[in-house]
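When the chains are written out, they are named A, B and C in that same order, and each has its own residue count from 1.
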Amino acid sequence: MPPPLIELRHISKHFAGVKALDDVSLTIAPGEIHCLAGENGSGKSTIIKVISGVYQPDGGEIVIDGAPARPLTPISTIAHGVQVIFQDFSLFNTLTVAENLALSTELSERRRLVNWRRVRKVAEEALARLGVQLDLDADLDTLPTSGRQLVAIARALMSNPRLLIMDEPTTALTRKEVETLFGIVRDIQSRGISILFVSHKMREMLEISERITVLRNGRVVGEGPTGGWDEVSITRAMTGHDPSGETYRWTRPAAPPPPRLETRGFGVPGLFSDVNLTIHPGEIVGLSGLLGAGRTELAMALFGMYPAYHGSIRIDGQEVRLGSVQDAIAQGIAYVPEDRLGEGLFLTQTINRNLLASSYGALAHNGFIDFVQAHKRSSAMIKGMQIATATGDRPVIELSGGNQQRVVIGRWLMNDERILVLNGPTVGVDVGSKAGIHRKIRDLAASAGLAVLMISDDVPELVQNCSRIVLMHRGRFVEDLPTSEATEALVADRLKALT
Amino acid sequence: MSNAMDLRRFISREANLLQLLGLAVLIFLLMTALDPDKFLRAYNFESITFLAPELGLLSLAMMLSMLTGGIDLSVIGVANLSGILAGLMFHAVGGAHGPALSQLSLSWVALGVAIAVCTGLLAGALNGFLIAKVRITPILATIGTGQLFVGVCLVLSGGPAIVGFPDGWDAIGNAKLLGVALPLVLFVAIAGLLALALTRTPLGINLQLIGANPKAAVFAGIRKSRAILISYVASGALASIAGILLSARVNAAKADYGTSYLLEAVLISVLGGTNPAGGKATVLGVALALVSLMLLSSGFQLMRFSNFLVDFIWGAFLLIVIANNALRSRTR
Amino acid sequence: MSPLLRRSETVIFLVVLVAVVVIGVINPAAWNLGNIFSLLRANVITGIMALGVLTVLISGGIDISVPYFAMAAMYVTLLGMLNTGYSGVALPFIAATLIGLLLGVLNAFFVDRMRMIPMIVTLGTGTMVRGFLLGVIGTANINIDRMPPSLIHFASLYLVKRVQPDGTTIELSAMIVIYLALALLVHLLLRHTMIGRGVYAMGGDKEAARRAGFDVRRVTYFVYCLSGALAGFAGLLYVSMSWLANPRDLAGAEMDVLAAVVLGGASIFGGRGSVLGTMLGVFTLVLVNNSLIILHVSTTWQRVAVGVIVIAATATTAWRDRKRLA
């Protein structure tokens, strides 16, 4: 057995009293495709930065080729043969493909003048090594994400690395592009290069890797050959879900009122089509599928962001027209977006402001806001959503991920919403908060009669909370699984079958 | 314990305002020390109260455009255009000079005011349309419209100033109300209304939210385009009122009056705590910065220093204060 | 659409072509040699300043202090010449360029060290310099009888001289060559040196540029110093060509220059732009200003025309950049 290429032994890392990594040990063999799994905030990016020398560990050691290698700097790790491809690829969108490829070489050789012929040659060689064809003179931003990723990989391979670290490489790739990527990854592996694949997408992990290490809250909670994992066990390990948690089921009343939300032939050209979705008051319906299936677009369309939609939408039996976000809100539809920080919160503003952001219009008498009433409402919501803070006057950026998510959800509950669309409601939220948020959502459905559409990749979350799980693929609904009959394993299988 | 925390938080939040207040006091003391006889004369302060409001309104207009992360470089053009259009109307009705012009009744003056303000509203609407609907970045859009407005000024006036406004009009810029300069009264009233609108109406808070995170504002159901459009219309109106004050004070309107006001308005706005990237601005901050600048300018004038020196000191102040803020926020 | 057609330089070139043809149709006498010569001459000063602003814009910054630096460098150099009685060409221009460069250091320092928004920095420094110049050094004009003859002589150099049938003489100024030479220099710097590529890289993604190994600090100083240096040079050349030194001139020119650079296809967000595009943009601006004269349209319509063109051009660019804005 050859010695492992790189070994992390009992690595710890603190940041201002917070333990980002706690006694983490990780082994990567030569020519191995290893996956590092974990949710946002689990410590994945910290590990990458430790391996690549950006951070120095506070405890433990890094062993490369059997010999301790400390201290590491970004330059010495490249000398050891480690290359990292970050999520943003660190490329220059306004420069050409050729230039992006050759830039590091030119810079490292401390050249003053640019020899374009040399640049071209270097670029051609780099692409040839990868075995791909790309237009060298194209501006990088004219390429799709998959093309830019190829450039990033080609550039990384130029230094003959032994370990290639890829941070969330399949974000924003279509299924077909993921397959192409995996082909290249296997090709790279066949040349003896190890790949550390950092991800939270279980299906892809299972498909490509040979070993999986799962991180949660800075600790290794599981490690082993891929054959011994499946979707459910990985998710469990990543999220720490308690298998014995109560599940929520909605039972159809004897004389059911008209469905809260009913769509027929709902579609937006190019994004999704022919969606017939029915949600009753008190029901939580789950929606899942592969990336690019159209789930987020469906949610945004329900929120009025695609005025040129086809098909009909009925709310409580009445036909409605959702031509704008204001229309949707007026009809009682609320949308909690995926990207909490970028799309959900006003980070520089206070918790109160964030909670009240959609309500100021309603709180105004004769044009002026009734601040007493506003404060009452936001205080009540802080209590109601159990947001852990002494005062609503703090900037919302100071809250934890879970509490921030409660703020975003709480914002909508100010205004008698009838339909709640949640996109990834517990992504990047720590385990304790997750359970609390789930409880809150169920409570809203059961007692306030909200109709809930929950979009998620987290199979246990879906199975525990939803009475039905709808699967979407390439813009269409393809499966409708009642959770009374479906187990997590079944749902996972059906998802895997989507190709 | 929590009281101490609250006080500290209050201080750090209002640090900027306190800093500005301190600056104004400092300048006042400095000017007094340098030339107490001339500086502390009532006449001196009185002339400040007549001069400051037009720059103050332009600064508020600038602040408003920066609130949503933009900028309005066309405010001077709007101000001058407003004055010129009103002046042309007066000349058309009452002749180019003489008693027929100077004694035009108040109803004509009111019409002039209406024309001026409408000019500002329409100009602002054009800016708002280009920025919110056509999505041109504000600096480029307002450079273009600024040139357009100045150009229209030139075409309409032929180049030279339009001299001679009715006495009623000039009174707006030179009269007193209950012993206080009328322009100052107008400025305080308008600034007060603006402050109220920004802090107590949904639109005002929405503008701050849009400046803080435009994407999240859309997801929160805020009508972003509409709000931005309205804010530029309001900027235009403020600029046009500044134009009324300016032309009333000097009894003339010209295409290139007040060109130095543009830079000064930006400086005052930024010094007043406005974040050019959006999301943060206070009327009080801008007002305090205005006071500081005017005191400085007046003091220098009295000492027979060139007014240009004020620009120099002002530019230096700006760089120092923002550098200080940058260093402070870094060590936090 | 072929990549050539998609390039902004091609678009604006076609616009210019169309405009030239249209003017020729409206007034066939418009395109006489005299007009062409004066049109080309009018490009020089704005063009030189635009080259500097272009470089800063590509790097992701902005420089609105240019005309004030130009005037300051010009005035200081002229006063120096007058007080010492120096008569020459090379040294004054070197001096003016150096003064501009040093002023550019000020900009670079605040943008780099203090991490302040370039718009506000250059606004502050421009105002400071203008205030210092007018307030301390003086506001007096220096007219032709006091202007150093060496400078006037230099700026009057011509490439081609023609005597018209009506007895007047027209000349093609040799200053065009200076402009073209500087344009070529900036082009070579941007395109063929690593620091030039660093300008583009930084404008595209500052953090990535840092990670790739570019010295972001060096690039920042490079762009602002270059802009300042070109401004200083342009300032002295301007008064040499116009025979009158009024320190208040060129105020407001920063808007024209910026408009020209953006018209030429540079992106205000950084990472994009070319010398050719900027030259075309400057040409368009000058064309608009001059064609109205040629067409016997009142010059008061100039600004309106410029404004409309800027709005139209930026609206088109907004359409192009819309993905970024979304």
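The working rule: a residue touches a chain if its C-beta (ideal position, glycine included) is under 8 Å from a C-beta of that chain, and two chains touch if they have at least 3 such contacts.
Since this is a predicted model, take the numbers as computed values, not measurements.
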item	value
Two chains joined by the most C-beta pairs in contact, as defined above	B-C
Most widely separated chain from chain B, with each centre as the mean of CA atoms	A
Centre distance in Å when chain A and chain C are each reduced to the mean of their C-alpha atoms	47
Mean-CA-position distance for chain B and chain A (Å)	46
Distance between chain centroids, defined by C-alpha means - chain B, chain C (Å)	30
Chain B residues counted as touching two or more neighbouring chains	none
Chain C residues within the chain B interface of the complex	110, 114-117, 119-121, 123-136, 139, 251-252, 255, 258-259, 262, 268, 298, 300-308, 310-311, 314-315, 317-318, 322, 325
Sites on chain B touched by chain C in the complex	71, 73, 130, 134-137, 139-141, 143-152, 154-155, 158-159, 259, 263, 266-267, 270, 276-277, 305-316, 318-319, 322-323, 326-327
Of all residues in chain C, those that touch chain A in their complex	3, 191-197, 200-201, 203-205, 207-209, 211-214, 267, 270-272
Residues of chain A touching chain B in the complex	325-326, 328-329, 335, 337, 342-349, 353, 357-358, 360-361, 363-364, 367-369, 371, 390-391, 393, 411
Sites on chain B touched by chain A in the complex	2, 9, 196, 200-202, 205-206, 208-209, 212-213, 215-223, 279-280
